[in-house]
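Each of the next two complexes has chain A plus one more chain, namely chain B in the first and chain C in the second.
Let's look at the complex of A and B:
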């Protein structure tokens, strides 16, 4: 099994009408054994910017700590929050710094930029950015997720419909993956509110 | 290398040939690939299929007979190829076999064992014992040792001596015992099974113990899941007791508890 499949993960982010949703599974495992069913993969950078980190869990935690550090420094110097596009470039630079000994993570970045325009992007473990207008996926269940999102996604969905779509796409995909699942976690962000929901899924 | 190929043409083994030593006809043989490195080829083929015995099966003997239970997930590496595989194979109306390892291997050789058991019945006018059936299978698997078969099976049945349970694997091992669990989820199943086992249980209690053990294995093991099937083998043969979806079993054993609200929603500041 490859190093990316050691802990198992599933991440997806989708864009709706003036809102975005980011969802992850909740399993932490060591190859086939499940250790925890409440593992957090989506982290907050500031009120309108979230990053999900799939892949090796230890690298995800370390990378998250480094990103929070860099963002806090930025806030002190610039006296404002980072824009999502800038943050994506920061993550890409941090990952490429380790080009010959990389972090085994694939980040998914989702945020509301200027004028509350939703922004999502994903990267490989070396920092190659992939901007998308509709959805991005990452993790061991990524192939199933691509299929599910491609068929279920519609542009300009309202928050409630977006929540339904992303939840169904996530649950359907992790049910085809041995290494991810055991519940789901969805974060829905609009300009005025943030909703966190835990999904009831198959626990096998 | 003389392989046991009676699987291919089982009737041929019983027809005495005229001439020669009169007992063993020239056996048909499996085609072998013509390549330089046969062992390396077999090793590559085995790794391509990624068997790894990802499953959980268990069986135990108790006062009322034998309980046999299994999950129903088939996985190829990390991908779940099916959630509805029949892993308890009905060899004949009073004997069951479980499947762990390569699905094709288990299905083929169990069916072959069923054929041999029936031939034994016809030739000897009485049913074959569980001891005899498991020995037949173990001898076949031993002769294919090292060729990449992947089978971890339990043969459970009821014969004249009462309930019988044997573990047979593709390395050629054969063990008699009272409690077995096979597959990647077996450590988790053993934990629950060994803790709750008593010899004098009723059929319902034993079935619930088996169900719970398989459920716990599906929770912890990534390669087990789907549906728990529980069978009981008694003096009149086997009977399927239940098939419960593990996703629903979880919420039955551990219902969702509504947590009190920690943070009330406040008015959002004007953007």
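Let's look at the complex of A and C:
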């Protein structure tokens, strides 16, 4: 079994009209065994920037700690929050530093940039950035997620519709993947508020 | 065939572990204590390679003591868990430890908590958990019988049920187990469950 499939994960981020949503599954497993059903994969960097880390859980936790550290240093020096594009470059650089002994993670970055324009991107474990205008996916359920998102996505969705779409795409995809699931966690960010919701899907 | 498992009850946490020290086909001793008292209100149950287990858990224990000496106050359970994970994570790509850990503790303001730390430094706060081949039986027993806020009697009953399952269903099951609890009065040994007496 691949090291990326050791813990199991599913992540998706979608862009709507002046808003974005990022969603993950909640399973923490060790190969076939489920350890917990409330594992958090989406981390806050600042009010308008979130990063989801799929792949090996230990590397996701280490990488999250390093990213929070780097962002706090940035805040001290620059006296402001990082823009999502800058943060994406930071993540890419941190990952490529370990080119010949990488972190086994695939990050999904989602944020509201200047003028509250939504930004999403994903990258592989070596830091190869992939910007997208519509949606990005990551994790063991990524192939199912691509299919579900491609068929369900529409541009310029309002927050409520975006929430519904991302939730349905996530639940449909993790139901086809044995290593991810046990519910979902959706974060919807608009310029004025942040909504966190837990989804109940097939609990297996 | 090592096994460590634990759960959180009403105002306490319990950690149980088998107590056989085995090398290949030989049982060196069957009353090895694998649940260490980290400080007055913390328990560290560890399973894995014998040398790594003893060395790493002692290292954590001494560092937790050092923090208390230096700062005059003990570490919280969460801090101790994160410290342990940090040490495992730093060593992971240099000289990895093969030790799986369940860290239980009692904090005055938070109450009891249990942390799952596996050998590749995955950290998660849990209500019930288990390591080893015994985990396949323990986790299922706990899924069936566990509920949050169990009393001590109920929790020990569940621990005994898990031990019965391991003894009856695991080939080369460990004969003896140690059970330790931690609550507001501190961390202490609760009982042994022995089916082989050793001198």
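Criterion: the second predicted complex is superposed on the first by the 204 of 204 C-alpha atoms of A that agree within 3 Å, B and C clash if a C-alpha of one lies under 4 Å from a C-alpha of the other, contacts with A are read in each partner's own complex, and residues count from 1 in each chain.
Convention: a contact is a pair of C-beta atoms (placed from the backbone, for glycine too) under 8 Å apart; a residue touches a chain by one contact, two chains touch by 3 or more.
As the structure is a computational prediction, the values presented were derived from the model and not from experiment.
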item	value
Chain B versus chain C as contact partner of A:57, first or second or both or neither	second
Contact breadth on chain A, by residue count: chain C or chain B	B
Touching partner for A:7 - first (chain B), second (chain C), both, neither	second
Partner chain in contact with A:126 - chain B first, chain C second, else both or neither	neither
Chain B versus chain C as contact partner of A:33, first or second or both or neither	both
Contacts of A:101 with chain B and chain C, given as first, second, both or neither	second
Chain A positions touched by chain B in one structure and by chain C in the second	33
Parts of chain C lying in touch with chain A, wherever the complex brings them together	85, 89, 92-93, 116, 118, 120-124, 126, 129, 135-136, 139
Complex interface listing, chain B residues touching chain A	54, 71, 73, 75, 77-80, 83, 184, 218-226, 246-247, 250-251, 256, 265, 268, 271
Footprint of chain C on chain A - complex, ascending	7, 28, 30, 33, 35-36, 39, 56-58, 61-62, 101
Partner chain B, residues of chain A touching it in the complex	1, 5, 8, 29, 31-34, 116, 140, 175-179, 191-193, 200-204
